[in-house]
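Pasting the structures in now, so scroll down.
Look at the two complexes coming up: subunit A is in both, with subunit B in one and subunit C in the other.
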Partner chain A sequence: MAQSHLKAVGEILAKHGILVAFILFMIAFALLNPRFINSDNLLGVVRSSAILGVMAIGVTFVVVSGNLDLSVGSMMSFSTIVVLDLHDKLGPLLGIPAMFAMTMALGALIGFLVGYLKLNSLIVTLGMLSAIHGLTLTYSGGKNMDIADKDGTWFGFFGQGELLGVPVPILMFALLAAGLTLVLSKTPFGRKVYAVGGNGVAATFSGIPRARIVFYCYLISSFCVAMAGLIQASRSLGSQNTVGQGLELQVLAAVILGGASLLGGSGTIFKTVIGVLILGFIQNGLLLVGLEFYVQYIVTWVIIILAVWLDIAAKRGQLWSPIA
Partner chain B sequence: MKNTNLAKRLQDSAIWIFIALELAFFGIAGEFLSLSDGNFLAPDNMLLLIKQTVPLGIIALGMTIIMINGNIDLSVGPIFALCAIVMLDSMTWPIFAGLGDGVIVIAWALAILVGVVLGAINGFIVWKTGVDAFIVTLGSMLGYRGLVFLYNGEQPTYHLNWTLVDIAESAPLGIPLPILIFAGCILFTWWLTKRTVHGRNAFAIGDNRTAAVNAGIRVGPHMVWNYVLIGLLVAISSATFYSASGSVNPNDGMLYELWIITAVVLGGTKLTGGRGSIIGTVGGVIAIQLMRKGLGHIGADTAMVNLVIGSILIVVLYLDRQLNRKGEEELNS
Partner chain C sequence: MSAQAPVLELKDIVKTFPGVIALDHVSLDILPGEVHALMGENGAGKSTLMKVLGGIYQPDEGDILVAGEKTILRTPLEAKGKGIVFIHQELSLAEELSVAENIYMGELPRKSLGRVDWSKLFSDVDEILGRLNCNFNAQTIVGDLSIANQQMVEIARALTVEATTVIFDEPTASLTDAEKVVLFDIIEDLKSRGVGIVYISHRMEEIFKISDRISVLRDGEYRGTLKASDTNQDELTQLMIGRSLEHTRPDLSQSNGDVALEVKGLSCGKLFHDVSFKVHAGEVVGFYGLVGAGRTEVAETIFGMRNKSSGEIFLNGEKVEINSPADAIAHGISLVPEDRKGQGLVLGMNCRDNMTLPQIDDLTVSGLTAPQSEQEIFKKYRDQLEIKTPNWKQTVGNLSGGNQQKIVIGKWLSMHPNLLIVDEPTRGIDVGSKSEIHNLIRELAGQGYAIIVISSEMPEILSVSDKIVAMFHGEIVHTFTSSNVTEDKLVQAISGIYEPENAA
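This part shows the complex of A and B:
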């Protein structure tokens, strides 16, 4: 009896658990500190989550296809540095597309290695994390990159501007999320991504070009990284070489929190966005309550483990793992 | 049959061939390119180089067993920092004030306790919840880092005890103490993987978990013991390193997990479990350090190190795949 009851609760939590947790968090923080609900604050949190969010959307594609991407952090540093450098050399109108092309070339390389050569994605992207970091340092000569004329450029628009009263980073985040949600859930390509991630062998046998699908997933991921780099560069108009360091694991944490399985085949953009927002609001809420920034690490730890654990428990109908 | 044996032997010693090539290259190139007069291959330089691999090397030994078992541990960095913080800070605790230098032993014991407990927490979560080890340790990488900050905020923790520094800098028989400790850890983990039931079961579990369960191997406790072991080794590594330096920043140990996994994979351990060796890992760690120091020696930009190591990792992975084509792998991967 207790078991089936648990299962029923578990099923509800498994389906909407992440939303329930999100709402509970928001209510709790709002009760603890009224300033939390202030629209300026809410907007501010979404705005500062935009960079992480944009990257997480791209990584969702990779994770759904059954692979990992640990290189997004160092790739983001790369695109930030490159776009800042090209801004002064080519001007923003040419520099931005050039940066997108260079970043997506890296994505294509990873996609080739993982998709067509069928190498283990964890190690490939681990190697690329290191290699791209080296590339960035070589490119910049180890120096910080700054735009020479910070006042005379419209380049800050992507990170600091507002359109119709909405900050541009949020707008880009929302548009990207909406667009890629359509791609992932409404197109044949999206269905193939799920098929490849859910059961690669079955997908191959049903004639899905597995390698090409994986390749495109990494291409999308690198496109999102380029976008994140653009926002980052435009926000500060200058950057260190290591600006994206460590983001890869935060991005993964957000994707996992959104309920995507690392084994592939499950996860949605919407849930990933919720995962990103949860991370952002926890950070903000804990700060507003007066706790130090590092408390969020511990809270995030507990939440990630609980979220994944309850998800698994609901699927197997048993709280504890049956492993002897 | 003989051919496959030869191929296998070549593969097992690939990392050592690579190290030999590195030595030859940097030895010769260094003669022409180096700005310093020192010979790269001088015994002093080599000894220093090995000494510098010790902190990462000791942890990599534990990571090897974890990966042979089919798991992974991303949380070694914060454990490394937390062990050091507890070790250094405990020497200032009033309750140990009357012990004189005896406090050093207690500090070491406390550091090891921290490592073992944090490792055991990881292990039990992996075992009892059934959540993938990658996710569990990704979470605790964040959580443990939080604990590190919780201890002393953003302030560095430092305590200088000259007896401790003397011990850490001592060199019995002319060999620096850290290298001796490293050697001890290598022997211990080698024995563990090659000569014990636990080691054999770790291979079995990593190779085919279902088969291992069916054969009556208790998978859970083995996983927990492996995480305890890596916690212990991280603590030893941390104690070795920070006994000499006496100061730890709350951000210390970041990205260690990535370097260590790179070294272990270079050493021939399979990420999916079931294959790997301690000796190979030692080779992997030394190869990376040689590359770092060697490129610096011939005056290459240090940025090149990352580029080169990353590329080598991918090339190794590709060669490994080409050499070990199996029908089933082809289909599944």
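This part shows the complex of A and C:
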């Protein structure tokens, strides 16, 4: 009897481990520092997680389709620089769509290389990470980009504005999450993304055009990156060329924390969002507890390793395998 | 034999999965030098029981006794260390590695400084492959081998250790008759050396040919052990499925429908050339031949998985260009592929989603998937094919092998194709369901479907086909009608020694 209870607990953990971890974690930090759970702090964390979250939602598509995207950080720098520049040259009304088009052209290029030419996504996007960085520097001439008339523009709305009392970045994050959840879990396209990532050969035998699906996943990912760039640019109305540096790993961390398999075929937007929030709250919690901000880099890594290990242990039914 | 102590005993084994009692207090013993057959319907628990023996699953309750001693087998390597060798139903080879590396995985022979002793490795393995009459060598990359040959590699693994027990889980599912003969010789040899053998199969002829005792499982429960010499097919069937089967040979009506598929001079590189044949509506055309004869490749080319190098394909009299499976599906062609795990299923996806995958674009309400219609399709084929699963959400990878195969069949039947191609449709399917599927194929033909059946099982080909196309080395040797075919002629044809004028 006791054994079957244990087994049931194990099953719940294996299925919803990430949620359980999230709740335990929130309780722990709340006990350590009561300020942690006041609503201003919570809202602040969600707000500052929005950029990471928007990007992670896009990358979830790529990961579920069985690929990686390490280029999103440098692509986000590109979007930010481009939209700031075009704001002054074309005005925000034209500049924003133009920036989306340019960013998604990069996404299309990656999608073409990984989908149609079947090149390894790790190599392609790692290369793109550096190539896009070069592109951004070429575009900006290496200088920081600033909006000339910061007081005379409504462009700050996306990063700083509020609608009905809710910060606009959070609204955009939430709307994107809801919209793309629908796409991934309730449309034929979404189903095909899981099939391609789960077993590409079987998907092909089922008449699913693998290359095209992968292509669209990268397009979606670049769309999300453009949105993140928009929020970033709008928040500070000026930016360095390296604003997105290192974000690709945080994004990947959030997606893995959410439980998506790097082998493809599993993961959901909802879980990714939880992963993003966990990362955000951990970083915030560490600051509140009084640790230096750079400790978060180390802690983030430890948490990812823990998450991956627990995931494998749950599948194996034991914490480590006694032989090899 | 009764005086001998068993090499292995299983006592009151219980194993449950969420929603399934896979094994319910099952006991079994295996004597040295016997072939102990394990039978039961798809999902009865055979593979699970053997996985418990092989150290892959831990039982919830019950004991395993190796040579009379209570033993806990935590991993496959521990089981192997106790002399228990497991040849899996689902192939588990590393496709990028050579045959030799696969066979000695984890135990490669070493020279000083831990270097792999390749020459010893290759010569040892070539010696084993020689005993198995294999037509490939130690250095061949496994991914380049046909499924049957990959199966032979699995079998070769068993010959590398001092085994006390060898478990064969449906070893012949993808072997040809000639390869089976080799396998049975090997089993005889192991037997004579006192090895205990567990043999799982759905094929009665084999079971009676090689086994000494037969144990039956049903719905996870032990139903008894019979001496092969004291029982017969009917008694066994009764024990397995609780009823006996009518041996009605499905009636083969000469079709007079229009030509549904015509293939003219189809070639594909070195795989096959100048293949021409017709399939009428309401007709079942069987393709028979040895592995490598090109049958699967012809099917895959018609289905758009391969690019033809020359030739023409006509559907209902119209010439069609098929460049992808999507094209083929749009033209109303379904293909149940040969390899369910690699080609047929997304193992991590649930049963329902797998089944509706090819038609997911058509199952929508204002752009979103329609779970209601998906559910209906799933239920219909679950009931028709008697698929055993706790519910539609079950991950397909967790179903028993035979039930996985039924999901693939359901998936393609639900497309209501004009042309249905089935490649080894009953691989791994139990006796009861097998005759159901044969009846189903005949029934579909009766409804006007044009059907191609590819099979390595002579009885299957003979019982469902109106016309039999025999292939040898990538060419069609002869096309028989069901009235003028005999087993002898077929065997000659697929070995390339058939001469129609002599046989007339």
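In the analysis below, the second predicted complex is superposed on the first by the 311 of 324 C-alpha atoms of A that agree within 3 Å, B and C clash if a C-alpha of one lies under 4 Å from a C-alpha of the other, contacts with A are read in each partner's own complex, and residues count from 1 in each chain.
Following the convention adopted for this analysis, a residue touches a chain if its C-beta (ideal position, glycine included) is under 8 Å from a C-beta of that chain, and two chains touch if they have at least 3 such contacts.
If you're wondering where the values come from, they're calculated on a predicted model, not measured in any experiment.
When both complexes are superposed on subunit A, subunit B and subunit C end up clashing with one another. Contact comparison for subunit A: of subunit B and subunit C, B touches the greater number of residues. In the superposed pair of complexes, A:Thr187 makes contact with subunit C only, with no contact to subunit B. In the superposed model, A:Ala148 lies in contact with neither subunit B nor subunit C.
After overlaying the two complexes on the shared chain, residue contacts for A:Leu164 are found with neither subunit B nor subunit C. Shared-chain residue A:Val295: touches subunit B; no touch with subunit C. With both structures placed on the common chain, the touch criterion links A:Leu129 to subunit B but leaves subunit C unconnected.
Residue contacts after overlaying the shared chain place A:Ser266 against subunit C, while subunit B stays out of touching range. Touch criterion met: A:Gly207 reaches subunit C, while subunit B stays clear of it. Contacts of A:Ala195 after superposition on the shared chain: subunit C is touched, whereas subunit B is not. Shared contact residues on subunit A (touching subunit B in one structure, subunit C in the other): 201, 204, 321-324. Only residues 74, 125, 127-132, 134-136, 138-150, 153, 213, 218-220, 254-255, 258, 261-262, 265, 271-272, 301-314, 317-318, 321, 330-333 of subunit B touch subunit A when the two sit together in their complex. Taken in their complex, subunit A has these residues touching subunit B: 70, 113, 117-120, 122-124, 126-138, 142, 200-201, 204, 245-246, 249, 252-253, 256, 262-263, 292-302, 304-305, 308-309, 312-313, 316, 320-324. Chain contact summary for the complex, subunit A toward subunit C: residues 3, 11, 182, 186-188, 191-192, 194-195, 198-199, 201-209, 265-266, 317, 321-324. Those residues of subunit C whose C-beta lies close enough to touch subunit A in the complex are 18, 58, 60, 74-75, 77-78, 106, 303, 305, 324-326, 328-330, 335, 337, 342-349, 353, 357-358, 360-361, 363-364, 367-369, 411.
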